[in-house]
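Chain IDs A, B, C and D follow the sequence of writing; residue 1 opens each chain.
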Amino acid sequence: ACGSSDEGKESDAGAGGTEEDTSSEGEAAASEDYSIAMVTDIGGVDDKSFNQSAWEGISAWGEVNGLSKGNGFDYAQSADKADYMPNLTRFVRDEYDLIYGIGFELKEDIQKAAEQFPDTNFALVDDIVEADNAVGITFSEHQGSFLVGVAAAMKTTTDKVGFVGGVDSPLIKKFESGFIAGVKSVNPDIEVDVQYAESFADAAKGKLIATNMYDSGVDVIYHASGATGNGVFNQAKDIKQNDPERQIWVIGVDRDQHEEGAIGDHNVTLTSMVKRVDVAVQDVANRGMVGEFPGGETLEYGIEDDAIAAATTNEEAMTEDIITAIEDYTKQILNGQIEVPHTEEELTTFLESL
Amino acid sequence: MDYAIEMLNIRKEFPGIVANDNITVQLKKGEIHALLGENGAGKSTLMNVLFGLYQPEKGEIHVNGKKVNITNPNIANNLGIGMVHQHFMLVEPFTVTQNIVLGSEPTNKFGKIDLSKARQEIQALSDQYGLRVDPDAKISDISVGMQQRVEILKTLYRGAEVLIFDEPTAVLTPQEISELMVIMRALIKEGKSIILITHKLKEIMEVCDRCTVIRKGKGIGTVTVADTNTTELASLMVGREVSFKTEKTPSEPKENVLEINNLFVRDARKVDLVKGLDLTIRAGEIVGIAGVDGNGQSELIEAITGLRKTKSGSIQLHNKAIANLSPRKITESGIGHIPQDRHKYGLVLDYSIGENIVLQTYYQKPFSKAKVLNYKAIFEKAKCIIEDYDVRTPSVYTKARALSGGNQQKAIIGREVDRSPALLIAAQPTRGLDVGAIEFIHKKLIEERDKGRAILLVSFELDEIMNVSDRIAVMFDGKIVADVKPEETNEQELGLLMAGSKVDKAGETSE
Amino acid sequence: MLDILQSIVPTVLFYSAPLILTALGGVFSERSGVVNIGLEGLMVMGAFVGIVFNLTFADVFGTSTPWVSIVVAMLIGGLFSIIHAVASVTFHANQVVSGVAINMLALGVGVYLTKVWYDKGQTDMVSQPFYTTDIPLLEKIPVIGPIFFQGVYVTSYLAIILAFVAWYVLYKTPFGLRLRAVGEHPMAADTNGIKVERMRYIAVILSGVLGGLGGSVFALTIASNFSSSTIVGQGFMALAAVIFGKWHPLGAMGAALFFGLAQSLTVVSSGVPFLENVPQVLLLIAPYVLTILALAGFIGRADAPRANGVPYIKGSR
Amino acid sequence: MTSNNKLFGLLVPVISVIVGLLAGAVIMLLSGHDPIQGYAALWNGAFGDAYTIGETIRRTTPLILTGLAVAFAFKTGLFNIGAEGQVIVGWLAAVWVGLAIDAPMIVHLPLAIIAGMLAGSLWGFLPGLLKAKLGVHEVIITIMMNYIALFITNEIIRSVLTDQNTTTESIAGTASLASEWLQSITFYSRVHYGILIALLAAFIMWFIIERTTYGYELKSVGHNLHASNYAGMNVSKNIILSMVIGGAFAGLAGAMEGLGTYGTISVMSGFTNLGFDGIAVALLGSNNAIGVVLAAILFGALKEGAGEMPTAAGVPTELVDIIIALIIFFVASSYIIRWVALRFKKEEK
């Protein structure tokens, strides 16, 4: 679109470092040797979340194109923040055409890498980048959160639902805002209890918060908190174990967390806000391969791309009426009837309009 | 002959030194056998070999005529050998009872320590030998004398037949020493045998039957105490004549250096220990403070040196108030302090001797300039002091830890005296030292007096007080209760004064 | 009020239990004179073993799997801690150094093996974790029953009982007297015929056993899986509890419960109306600030066992 | 004897590193990896070319400083587990100044660096004060201060430095330690001038400890409180000073990250680990300045090189943690190495 800058592979990537040539010369790289790689965030490639999903997308893409790991596509694991840049650079030097950074934590590093290596293309999942050779891959999590909010609102019998956030940040606020909007759209009287654990890895805190919420009458908790959510699942399952009759639910995030909710014959995972990073990653790779890398853009994948959805794996819990309602709201979102809020301010306006 | 213990031709080496070189000691049943030798002669080492803490390179040990191999203290205990160590082996936060039973505790059927049974057994032993202890007191709360009785009870509780005492009297007050002598006699009467290490020849003469002398790791021989005298013992030990009476001219006191008026000092538990004390020391005299431990001597010294806050009263040095100034200010205004506990206060054991020599002066020229240390100057100074004070150390770079107690003490004295303080406070300066070292230190103190310094000597050794002081201030219950001249009094009278029994007559005694 | 207690108490208990158990291990080790900065690593090891065993043998042991898992975690924790004992007791290593190495080693080994065995950085969730229960009979006690004995983990009570057992062992039995003597004055203990090194080995191994227990209880009651971020700082909090509790088993338990209470209160109070306007960050730091205030205000000086951290070398002083 | 000791002083770490690497090789073999391939990857990852060398230096920089922070406190007998928190606040303060002030480089950069140091000092001051005045154990307080630093810093980034964002803007160029030139010769690694500051800090630490009256006092207090008091030193002041200077080093480490490596500060979902690694670095470097520098280089190289191992040899990066841990064990247990060496000597005779 507005400035794809992919100049294909230079045999000597090092020399390209200082060049500032960002002119757009659409060119078609030979599809056989188009190669892609990803750098994980601290979560690691098997985080059962967006890193894993991204890798699945990349692997699938590689398979379709007859490539194998280490030969056409690859990933690098980051143990801490300091690893991002070396990992990115390693791939640049290994002459990969398109390098993904998975997670907003890599924002600065991708930004910097994109500036330093204008001949390589970059893509950042979950945030925006400002460079002509880079693309921001974002998702309409607020829309997905809205949909699971609808599910929560229809499922609750106590008219109290909860939201557990990881680290307070614009991204997680997007989840929160969408969720609350969804809940209130169904029934403005439902209370939403919001708490942040200030960590994506503090299962104990997650469990404390969940215990407190469930005790105070909340019966559905939507978590957007990584491994902190383990504690939420743990608590929900514990309650279920002791009182199988009690209706207690968790809503998963990023991918279908159905498996985490299994407890005996029951499953506490009501639904999950599924974010198909794999879909987005493949899409960008395909566009890059045919020379249409959308450099300089910020892509937002949403419901319409099948990149955001509410999982329906738990057939018992996701009853017909809930699914119908979700479908109904999906339509309204798609046709612009509902503008799902991203931020707290938008949420306030949204709630006033209800 | 019936020997309880025979140590035959024992040799024990440490890296670079032969601590025991072919030493033989034979302990008869029912005797008190003295072991005499200079600091570092190898006495403690020999006894640690007997107690199983060290393994000898050569030699045999026989117990009751049977050859034995003592590889750890447990075996020694089982053979009926008990040791009261030079540095007490007591666990401070534990009670007396816990310390005594430690390692062989009586238990009830729930595996719980049977404290009442332990208490009974201890009470029985304590009655039998006249060893008064408070079974439930914490070690940290009892006097040194009682701690020693606990050590003795520990060995008896384990059924010791042979008791080793390593310098038991170095830390005791005269009263406690006489008590200990009584106890030792009682032990002998009950059929025990005793090895006693001490530097105090008088004690040997008083209670021992025989005495083995060690010099520089070698056995010099064994003498029967009844057939000898202190002079002979001393020269056997040192290898030359030793004079006991310190040579000194009468003092010529000049202006007042230290004046203390109505001083009150509290201890850590906020109890007054110094209660309205008055004391004056003049230039060119040595004032000895005689007193039983615990009558406020330590608190007095700590108050003068700024280590403890005073409650009220005044301390003046050359007419300038110094009470409650910082230790640094007080040191700078001209006070030198040879502390009682050289390991705790006197030295940084992990610093070299050189660094220890400048412990109070490192920040002054020439040892540092603009906060930068001048090691050359520091070590030169140290070398100088080491030579002057005969500190035996491989070099000035050697850690203080590696020196023997006597040499550590000489280094401290050298450091304090070298600063030429107007007032020198010497607290127990010769504790645990051999007669040679004591002689040297006494000479130094008198030299300083003759140079016009005021000297405050605190000691629990009446001998030392009598020999060295020009004036004796008797301290009892936080006050100076008598001020006497050594030539006008005697040990009996001092003893009574120190016990507080002649308080009313004090005025008369001190003219 | 009762409602609040009823919701706070069980949370305090489950939050604190792993800390209590691990801190008890620390108390044993440090009472014997071996500083144990490695508690974090011992917990990591316990969590790793507890989860891996649970995942592997859930089919074999069924509902008793978590119990078998924690026993195995205790065993492996004990074995693992021998490294610390060998280094710091036999080889006279600096105990802090050795403890730091234990922490790195445990995490390294745990994650390395996870990657080698499962081909990913974190395990699946276990299917047989611990669940809360009502304690029979005790739950019926009026007022107290619902607060303390309903919906609690048995492991929480195990932790509290073990704290009392540890107190009894340390303060009432010959073993405890000897262990403490070794930590205060090893040479005195030695001259009384106590084998100093052996006592210290036992104490360090006990800390491994209890640290392993603490880690596995954390994993099986709270985290449900193992990854590099399962144990992040809990071991250091346990260490803080040891010191806060003045090296006393019941003190350490009290400190751990205090940490749990502070955390729980901040979670609860964010829902309390009049605290709603308090900035979140104040609630987040409250537990830590409270700890500092408690120490500075009225707990004050704590004296470590005197020989803590000092290797015992026979014949030296 | 002394030359012998010096020889051992060198021998112990060298042997430890070798044995640690051998153990790592065995582990790789046991878990089905090729050790030669693994170590080749490790080497390439750390020193393979200009870029990795640059990154290794960059990674070493803050480790030197946190190592110094821990080592400095150790010299006074204090255990600074709080370097972690001190790094975080130092980072925050440096970036804050880097963002908020408009000044020429000659003023701005030093100001930002000093801000980092001051913040770290402040974070060391409180535990020092509580230790000196109330005898509260510094280990607990520093652990608590770490959490407080983390949470407060995150909140300040969100509410003060940004408008509810997770990352600040980049600092002004006038406060940056980054160098185009250094980057251009290292294939755009993030190496920055901070390494010079770290080395200077090491020199300063050495100088303070070994050559000044401050060092003399600090060490003296560390060895024997009572004797230091007797000698007229102000024990409380020294305890506080030690924590404050240690904190300044750690704060400086944070400033290196903020002004050099990243140019920003982001909300952290967990600790940076720079402070905790500093403990290992300090101990491995036996708490002296030169040792710390060498240990930090070893640490930095191993950690940097580890990144290459999964891709090039399929070996999990954690192998490096295992190797480092083993090296630390061997160094700490140098007794056994000495013992073995003595045995050898005796046999030669």
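In this section, a contact is a pair of C-beta atoms (placed from the backbone, for glycine too) under 8 Å apart; a residue touches a chain by one contact, two chains touch by 3 or more.
Just so you know, these numbers come straight off a predicted model, no measurement behind them.
Think of each touching pair as a link: the shortest run of links from subunit B to subunit D has 1 of them.
For the pair subunit A and subunit C, chains touching both partners: D.
Simply put, of C-D and B-C, more C-beta pairs touch at C-D. Greatest centre-to-centre distance from subunit B is found for A, with centres as Cα means.
One simple way to say how far apart two chains are is to compare their mean CA positions; for subunit C and subunit D this gives 28 Å.
Centroids built from CA atoms put subunit C at 46 Å from subunit B. Centre-to-centre spacing of subunit A and subunit B amounts to 76 Å, using the average Cα coordinate of each chain. Note: centroid distance subunit A to subunit D, computed from Cα atoms, is 35 Å.
The set of subunit A residues that touch two or more partner chains comprises 77, 79, 168, 198, 201.
Residue positions of subunit D touching 2 or more other chains: 151, 154, 270. Residue positions of subunit C touching 2 or more other chains: 228-229, 232, 280, 284. Viewed as a network of touching protein chains, the structure does not reduce to a path, ring, star or complete graph. Of all possible chain pairings, those that touch are A-C, A-D, B-C, B-D, C-D. Those residues of subunit A that touch subunit D in the shared complex are 14, 17-18, 42, 70, 74, 76-77, 79-83, 85-87, 89-90, 93, 104-105, 107-108, 116-117, 166-171, 173, 198-201.
Within the complex formed with subunit C, the subunit D residues making contact are 27, 31-32, 79, 81, 126, 130, 134-137, 139-141, 143-145, 147-148, 151-152, 154-155, 270-271, 279-280, 283-284, 316, 318-322, 324-326, 328-329, 331-336.
Residues of subunit B touching subunit D in their complex: 305, 307, 326-332, 337, 339, 344-351, 355, 359-360, 362-363, 368, 371-373.
On subunit C, the positions that touch subunit B within their shared complex are 168, 172-174, 177-178, 180-181, 184-185, 187-194, 306, 314-315, 317. If you check the complex, the residues on subunit C that touch subunit D are 83, 86-88, 91-94, 96-98, 100-105, 107-109, 111-112, 115-116, 228-229, 232-233, 236-237, 239-240, 243-244, 279-281, 284-285, 287-289, 291-292, 295-296, 299-302, 304.
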